[in-house]
Amino acid sequence: MNRLSREQMAARVARDIPEGAYVNLGIGLPTTVANFLPADKEIFLQSENGLLGMGPAPAPGDEDPDLINAGKQPVTLLAGGCYFHHADSFAMMRGGHLDVCVLGAFQVSVHGDLANWSTGAADAIPAVGGAMDLAIGAKQTYVMMELLTKHGESKLVPECSYPLTGLRCVSRVYTDLGVFALGPAGASVIDLVDGVSLDELQRLTGVPLTMAA
Amino acid sequence: MNRLSREQMAARVARDIPEGAYVNLGIGLPTTVANFLPADKEIFLQSENGLLGMGPAPAPGDEDPDLINAGKQPVTLLAGGCYFHHADSFAMMRGGHLDVCVLGAFQVSVHGDLANWSTGAADAIPAVGGAMDLAIGAKQTYVMMELLTKHGESKLVPECSYPLTGLRCVSRVYTDLGVFALGPAGASVIDLVDGVSLDELQRLTGVPLTMAA
Amino acid sequence: MIDKSVASFDAAVADIFDGATVMIGGFGTAGMPDELIDALIAQGARELTIVNNNAGNGDTGLAALIKHKRVRRIVCSFPRQADSQHFDAAYRAGEIELELVPQGNLAARIHAAGSGLGAIFTPTGYGTGLAAGKETREIDGRHYVLEYPIHADYALIKAQRGDRWGNLVYRKTARNFGPIMAMAAKCTIAQVADLMALGELDPEAIITPGIFVQRVVATSAMQETA
Amino acid sequence: MIDKSVASFDAAVADIFDGATVMIGGFGTAGMPDELIDALIAQGARELTIVNNNAGNGDTGLAALIKHKRVRRIVCSFPRQADSQHFDAAYRAGEIELELVPQGNLAARIHAAGSGLGAIFTPTGYGTGLAAGKETREIDGRHYVLEYPIHADYALIKAQRGDRWGNLVYRKTARNFGPIMAMAAKCTIAQVADLMALGELDPEAIITPGIFVQRVVATSAMQETA
């Protein structure tokens, strides 16, 4: 079965981000979307810890411990970027000022419920960070994940069994096996990966799917 | 009967403001308190329209229409002063960060209720500005007023008949005929003006008064 | 390339529609975006709801908008002033509706809108006529009134310098409501004295990040788009 | 003359009492006031409630405070990290209580405390386990959770430059929680790299006005009180 690589997934997400968009890329896989944003388009990256206009990683040796992203990795600031405090940063999210945020997920329901902060394991130390704010704050919340777990179970589900991050907040899911639009009417398929049919996707996920209009 | 002049009242209020205090002086008579703050003490004046460290009026010709106080008069900024937006300015008040605010009043009740924004006249255009925020925000709200109306009625009253600005918020009243402390137990007299007895004050105000401890 | 600068005041306000809610920056005349308001008057939108601290001074700016009978409703803290004659006349004639809001609640409600809060419990106004009929609650021994956010379709604000990404810095007390109105409006239009090249504004000192600003117009007729 | 500068870190934290609630600035290690925390460890206060975004990294700063068993309770958004071993051990041993708060609610609750609000309706966390048992309300078709302010006895924060009136500016993303924690604590203690003479900080670019800061300590041993 054909699958998109992680780089191909990141490139696919990047293709849907228009010039001028204000975007927050979550920790982990979503962060790699930045590598595929076209250099000739101006897209504004926000980081929850208080910067807008985030640039690429600095050259080795130029790291500044006071200039980091939400994943605590060193970054740079573009000309035209700026700094602000945490209340202002989350006002940007919660107030609906971000156009897009891209998050990873453990599970997403066909109606757009998101579970990405906890597996609910009894002995785990919980940690939520900005996930809940991001999930419900941006105008569009996109999820980027492999469609199946290592055990072959679909992470696109009728209802999430893991603890929820947000209700009815995800509008699109980018996976290695296809791109899905979610909403009150359930899931529809925007992109099929070459060689993967709608029937095959439906069999793999076990959820009702239609092709998006 | 001896009465303090307006200048004497302002000087009397100024005497009770300690060095280092953060102070908001209301529009009108309270503004004149600034003229009597001792030059050798550093006292921080805040203006609701977004400045802290307000200095005196500029020299004629040096007025800047972008540098005004709450009364929309030209002012200056001291070295060490700063500017901020309206939400931050009122967070300073509402959050209890100001030590003292001084306001004028139509009426104050012996328990500290304040009426200073409206006479309740049916045909008046109402306007409240920052009065309600100031009244309840500062650690200490002082009122500065003449004790009697032009018709000889006491403005220190058992209960306010004018529309309220704030409940139980005034701790002290500076008048031309004496200085009063207010609280749950009612009004007590801190200062008598020379030649005005407690009995005389009680007769003029019609409210029960004791000497403050 | 993203360039939020607009070549003229007329173009900047062209799509403001009849019945829109428009926040207008300024405390008295400090920070009032006179040129944008003049363009709005020329544009002709009517039945506006205006959010401002005051209700106009003299004959210019917001006062002129009221004089031209474009305002159906005004939300403000301090309408009555020595030179608020145009508002006073319209109000007495019953042509304009007034929602009077304590100044700090006005700021907090605008800020709440920009921050995505659904409502806030504020102590200001508790027990007064301006809280009549509103929900109240005692929390930790203090009394609060429940107040709701104030959103707007447009904000017209005045800043000192801006750039093509919409970053803004202000001048002295003309800052006042600008930064929070920019957060609370769907479309924020800023007039600036100077349009700077990208990167010329100190990133540590930008007061309004460009995300909150949709259009920038330079007052200088000689403006160059950076 | 008002001089909020304090000659030593030890003197700055001397009165922090057992059981105090202490906000500590920083996002990870950016903005963490290590020297103030070291002084607090040396000072010996115990049973502290700590408010921070994280729960310590590595062996320094907040992690060291936890390692020394001074923390009874922590309010944070993201305790679990690759190098949060001291928190992890204390948590698993049942020695430390955790209140987990979504990061934006943490910021908003701190800001609400500093701003004198009694409570706020926030959309974050609605329908999730972190809102379990909390009051909710639908407002204009959206669901919100009622959250209460987080106040503190002390805030320990790190800034880049300060002056004797307590005005502060920060450096890059080390700003993070500093400005809002300064607003929410009864006593805010800021460590700064440089103590400037009064008036040297640009009044347009001061991020934390001195009213929110009670003590300033310069990291430089050569500090001069301006």
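Observations on the structure shown:
As written, the chains take the letters A, B, C and D, and residue 1 is the first residue of each chain.
Here, a contact is a pair of C-beta atoms (placed from the backbone, for glycine too) under 8 Å apart; a residue touches a chain by one contact, two chains touch by 3 or more.
Predicted model only: the values in this text are computed from it and were never measured.
Here the chain-to-chain distance from chain A to chain B, counted in touching steps, is 2. Common neighbours of chain B and chain C (chains touching each): D.
Once the centre of each chain is set as its mean CA position, chain A and chain D turn out to be 29 Å apart. Centre-to-centre spacing of chain C and chain D amounts to 32 Å, using the average Cα coordinate of each chain. Each chain gets a centre from the mean of its Cα atoms; for chain A and chain C, those two points are 34 Å apart. Within chain A, residues 77, 83-84, 87, 90, 93-94, 137 each touch two or more of the remaining chains. Chain D has residues 108, 115-117, 122-123, 170-172, 204, 207 in contact with two or more other chains. By the definition given earlier, chain contacts exist for A-C, A-D, B-C, B-D, C-D.
Chain A meets chain C in the complex at residues 19-20, 22, 42, 44, 46, 52-53, 77, 79-84, 87-88, 90-98, 137. Those residues of chain D whose C-beta lies close enough to touch chain C in the complex are 108, 112, 115-123, 137, 139-140, 142, 144, 148, 169-172, 202, 204-205, 207. Contacts from chain B toward chain C in the complex involve residues 47-51, 64-68, 72, 77, 83-87, 89-90, 93-94, 118, 123-133, 136-137, 163-167.
Across the complex, chain D meets chain B through its residues 1-2, 113-117, 163-165, 167, 183, 198-199, 201, 203-204, 206, 209-212. On the side of chain D, the complex with chain A involves touching residues 27-31, 53, 77-81, 84, 87-88, 91-92, 98, 100-108, 110-111, 122-130, 143, 170-180, 207.
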